[in-house]
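You will see two complexes here that share chain A, one where it goes with chain B and one where it goes with chain C.
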Partner chain A sequence: MNSATALQIFFSSLNLGSIYAALGLGLFVVYSVTRVLNLAQGEFIMLGGMLTVNFYQVGIPLFVSIVMAIALTILAGLVLYRFFFYPARRSSGATKVFLTLSFAFIVDGIALRVWGWEFRSLPAFFNTQSFQLWGATIFGQTPWVTGITFLMVTGLFLFFGRTIWGKALRACANEPLGARLVGISIERMTLFAFSLAAGLGAAVGALITPLTMTSYSIGLPLTAKGLLAAFVGGITRAEGVVLGGFVYGMIEAVTAGTVPGGYHNVIAPLILAIIFVARRRGLLATSQEG
Partner chain B sequence: MFANTKVIKDIIPPKIASAKLHNLALVLFATVMMTIPFGASPYPLTVMVDVGLYSIISMGLILFMGLAGQISLGHAAFFGCGAYISGILTTEYHIAPWLALFLAALITGSIAALIGRLIFRLHGLILAGVTLALNLVFFYLVSSLVDVTGGTMGMMNIPPLSWGQFTSQNLLFNYYLVWIVVILLLVFSLNLADSRAGRALRALNIHAGGSEYAAQVLGVNVTRYKVWVFVLSAVYASLAGSIYAHYTRIIEPNSFMVQSSAMLALMVITGGRSSPWGALLGAGLIVGLRQILRELIPALVGELSGAYELIAYGIILALMLLFLPGGLISLGRRAVPKRESSQDED
Partner chain C sequence: MKKIVSVVLSAAIVATGMLVSCRKTETTSSYRAGITVAQTGQYAGLGLQTMEGMQLQAEEINSAGGINGVPLQLIIYDDKSEATEATLAAKKLIEVDQVHILAGATATGMSLSLVPVANESKIPTIILTGTTLQDDKLGTWVFRPTGTERSYVTLDLGYLSQTLGISKYAALIENSAFGEGGKAFLPAMSPDYNLTIVEEQYFDPGATDLTPQLTNIRNSEAEAIFLWGGTPTATLAIKQAREMGISLPIVGTPPNVTPDLMKQFGQYFEMEPAFVASTSKFEVWQQLPDTDPDKAKYSDFDGKFIAKYGNPASMWALLGAQFIQFIEDGLKRANAGSLDVVSARSQIRDAFEQTNHLQLYTGVYTMSPQDHFGQTEWRMVLVTFKDGKKLLLP
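Let's look at the complex of A and B:
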């Protein structure tokens, strides 16, 4: 392996890692408040991408399109909370998970009806062209994806660490009963978590569309990948989820760079599943049961 | 002392009567299913074959999800395993289709045993997430193994199953094949639910008031039972997959993607997880709904029904979860006495 290939793999793992980290964090914010896996997280990403493409194609400037897409996806997140999650707030976790699945079915159906089954794409931000960096070829959109996702993840960490809402969210994650006892409204936090997850998902969706394209059916597979990333790092802690995302990104980039064919999609999740089973509480294990 | 006995008698309904009623229902059902083809046109039979195939997988899933209280969102992978192994064995290695069907079930069962050994420690939602991810792994595996599976293009010309002069290109043959398998597996599943193993599985099912720790204390080998029921449900799915592959003779990876697993979960929940009968109700409801939409939507709106099907599935799933969490079967449960009444045995 020469240095250019190694560099290519390095950039690729940073890029994939930041995407998976953001994907996992979307699942984390909902899980931390509700202890429920939101199987519709991938649908937020799909909606973000598809709506951006939709607005962009009717002539609205790209960044305005993205903001509108994020706003509408947050609205979808609120619908998920109000009409699916809230009526079942006293039901079991399994019921709630399947309700998020029912929401995913409906969103997929609407997306298929509105946009058809074709894959859609966007130009790279600011029309950045592919360029060479120390022998590695970088697709124009990649630095934007990596950079902006990095900023979002950092922003989320500052939010979790420095703001009262972030601390409340962490309190719910660490000790749900205790959080309730000190006066944190679980219902308001759940509403907030769903909007945050939807907004984050939509932003990721808009970011990755120029790279990976998007279609109505990408949601559930993305959720599955995000779940693996979150599980491996430990879904009870934001640091764990981000670490899991980058581990996943690294393993996928390395296998994609070294194994021919589409096998990186087989090997990477398999390795992650094995790591997870071997170390069930996540890479950042604490004494707390996950 | 006497008071206690009286209480127990009140709680436990007379077993013999309800079992007889249940057996009668079963015989009646089998008779109806076997006589339906007489006088039926091909279209309803084709639909019934689909219902039967989905019923087989859902029945396996009900053993895993209903009886043992686990969650799987990856059983489409085992369905695909059966289909692809059957396809590969018959087209590449020219093994007889019937033998391929049994070998596929054996191999799929072994794969499930291996996976089960690794993931049996996982519970509830975490297990659901991991099975979902493993379904993704399976999809990418069959998509990547282009030389063996034809990649995303799929496999074609899979030889049909045959019996004398009848082959599975004959609709009636398929109908009887699928529904005989459904009825055999239904009888097996019902008996299993009522056996020592069934009670052991219920004991570790947290949704049925059980607990893994409590079951362990009572001497139930939790690991063995969980792995075993996982394998059994995979074998059901594999059988359906093999029959499907020899029936349609064309298979492609998209049929076995995570969305298909979601469909299976949909059938299990709408039908009801508490009894193997739920699988038939769920499969019947969802396939029936699909067919109605496929007829209605083009006539009413003038376009393909795919999008409307997804929306309808989502709405039905949500309504069921919110208003009838026990599924369709729980409607019948109110009218018919329970069969699960044998706690006094052994």
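Let's look at the complex of A and C:
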């Protein structure tokens, strides 16, 4: 392998890694408060992308379209919470996971009716052109994806570590009873977590559409990848989820570029399985967690 | 007491079963064709168009009085682009809907799942695609009146070796059932064209970044890329290759040139050297000379399609219509009573196998016990892209 190939694989890892990290963070936000895996997280990404395309195609400027898409997707997140999650708040975790899955299928079905099955795309932000760097290619949108994801990740860290809302969210996750005793409303925190996850997902959706295209059906496969990434790193910690995203992205990029004969889709999950077996709570989880 | 209850219960169940099955066989006199196509999922784009073509053709047959006076009824299920769903739909069509004929599957994976069901249930079945299905794999009951991939591989490879005069190329293949066809046909047929595959790369349907694979191709001795994939990801490969500055000629297969993909990727298709793909002759019928005998036929179909659906027909719609034509021909010759489903199925199967010199939209078909593909002449062409349009290559 020459250095240009290695560099290309590295950029590809960064690119995929930041997408999976952002995906995992959306899952983490809801999980941290509710201990429930939100299988509709990928739908937020789909909605973010499709709504942005929808608004953009009718002539609304790109960034206004994105803001509108994020707002509407947050609304979808609120619907998921209020009409699916909240009525079942006293049910088992499995029931709640199942409800998020039903919501995902419903959103899928509606999206198909509204937008059809076609794949859609957007121009790269500010029409950034692809460029060459030491023999490797960076697509126009890639710096925006990695850069904005980096900002979102940093923002979330600051939010969880420094703000009272962030600390309250963490308190709900770690000690629900104690949180209630000190006056934190678990319901309100859950509502907030769903909105945050939806908004985050929508932003990711708008970000990756110029790079990967979007269609009504991308949600569930993305959720699956986000889950893998989150569990590899450890879903109980934001750092773990981000690390998991990058590890998963790297495994995908390296195997796609080096494993011959189409076996990369065998080798990549195998590596993940080995990581799971070796560290069953994820790379970053300590033994007390999870 | 318990025994009596169970006897009464089982008698009731048996009686209900008989009533239900009586009702089934007494269904009004019509020929029922059970269809499974992808209406949702990743192959929906192709499946929905196929379905529209089928419905158009069936309506035409029925408004002309049906087949030997019996109307043709289409019962259509969505296979959701999944093999298991296709199998379930097929079983329901065979057992519950009591169809005379089964037809369907939009992509290889789903077609493969229909073949065993068809042969076990002894139901004449027509499949639309099935890249890896060679003659001996169709079995007694399955027919594929669309020819094999050989017709378009021939065109693409001929273009690489004769028009471009190259000898080494890279195969970029999708990790899917459709991709398996590339794995089978390309190494087998390349030597006939003095072509060597110098680099083989694979990508997953749904992959978002193909730069590692494309970098390997760029670093190889390949003088062109043969792209073999049926999902939009395959076309994403063209976009990413051009953005990476890879200026090798790229050739592809019919699923790459559907109108929606052209809309999304047209500008990358047109970047020099422009993408070249094999596709149905129908897709460029307007560019055919007036002396071409197929032109009037295609123009007529396109006109009827636009009148019904408001947009031009694609190759997949044409294939759908062709399916129904094939079914019509078989049913007409079988002239089976529609009420005894089991014996009708076997008569229809025999009639399909005796298809002789049948002129369909994509070629001429003659079936035999040894050949359930039957394509003796085919209607494929090479196209390239310019100004948002497909351009027929001479």
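Definition applied: the second predicted complex is superposed on the first by the 276 of 290 C-alpha atoms of A that agree within 3 Å, B and C clash if a C-alpha of one lies under 4 Å from a C-alpha of the other, contacts with A are read in each partner's own complex, and residues count from 1 in each chain.
The criterion applied here is as follows: a residue touches a chain if its C-beta (ideal position, glycine included) is under 8 Å from a C-beta of that chain, and two chains touch if they have at least 3 such contacts.
What you see is a predicted model, and the numbers here were worked out from it, not measured in a lab.
J.: Under the superposition described at the top, does placing chain B and chain C together on chain A give a clash or a fit?
T.: Verdict on chain A: clash between chain B and chain C.
J.: Is chain A touched at more residues by chain B or by chain C?
T.: When the residues of chain A touched by each partner are counted, B comes out ahead.
J.: Just checking: does A:112 make contact with chain B only, chain C only, both, or neither of them? Give me first, second, both or neither.
T.: both
J.: Based on the superposed arrangement, let me know which partner A:139 touches: chain B (first), chain C (second), both, or neither?
T.: Touch status of A:139: second partner only.
J.: Between chain B and chain C, whom does A:3 touch in the aligned arrangement: first, second, both, or neither?
T.: Neither partner.
J.: Look at A:265 in the shared chain and tell me whether it touches chain B only, chain C only, both, or neither; answer first, second, both or neither.
T.: So A:265 meets both chain B and chain C here.
J.: If you stack the two complexes on chain A, which partner ends up touching A:185: first (chain B), second (chain C), both, or neither?
T.: It touches nothing on chain B or chain C.
J.: May I ask you to decide whether A:224 touches chain B, chain C, both, or neither, giving the answer as first, second, both or neither?
T.: Once the two structures are laid over each other on A, A:224 reaches chain B alone.
J.: Mind working out whether A:88 is in touch with chain B, chain C, both or neither, as first, second, both or neither?
T.: So A:88 only meets chain B here.
J.: So, does A:163 touch the first partner chain B, the second partner chain C, both, or neither?
T.: neither
J.: Could you say whether A:57 touches chain B, chain C, both of them, or neither, answering first, second, both or neither?
T.: A:57 sits against neither chain B nor chain C.
J.: Running through the overlay: 5-13, 113-121, 131-139 or 239-247 are the candidate stretches of chain B; which one clashes with chain C?
T.: Of the candidate stretches of chain B, chain C runs into 239-247.
J.: Would you please give the residues of chain A that touch chain B in one complex and also touch chain C in the other complex?
T.: Dual-contact residues (chain A): 112, 117, 217, 221, 261-262, 265.
J.: Going by the contact rule set out above, which residues of chain A touch chain C in the complex?
T.: Interface residues on chain A, with respect to chain C: 2, 4-5, 8-9, 11-12, 15-16, 19, 112, 117-121, 130, 132, 136-137, 139-140, 208, 211-213, 215, 217-218, 221, 253-254, 256-258, 260-262, 264-265.
J.: Quick check: in the complex, which residue numbers of chain A touch chain B?
T.: For this pair, the touching residues of chain A are 35-37, 39, 84, 87-88, 91-95, 97-99, 101-110, 112-113, 117, 217, 220-221, 223-225, 227-228, 231, 261-263, 265-266, 269-270, 272-274, 276-277, 280, 290.
J.: Give every residue of chain C touching chain A within the complex, in rising order.
T.: Touch residues, chain C against chain A: 40-42, 44-45, 48, 173, 175, 179, 183, 200, 202-204, 206-213, 215-216, 219, 232, 236, 240, 243-245, 260-261, 263-264.
J.: Which stretch or stretches of chain B touch chain A in the complex?
T.: 71, 73, 118-119, 121-122, 124-126, 128-130, 132-137, 139-141, 143-144, 146, 207, 257-259, 262, 265-266, 269, 306-315, 317-318, 321-322, 325
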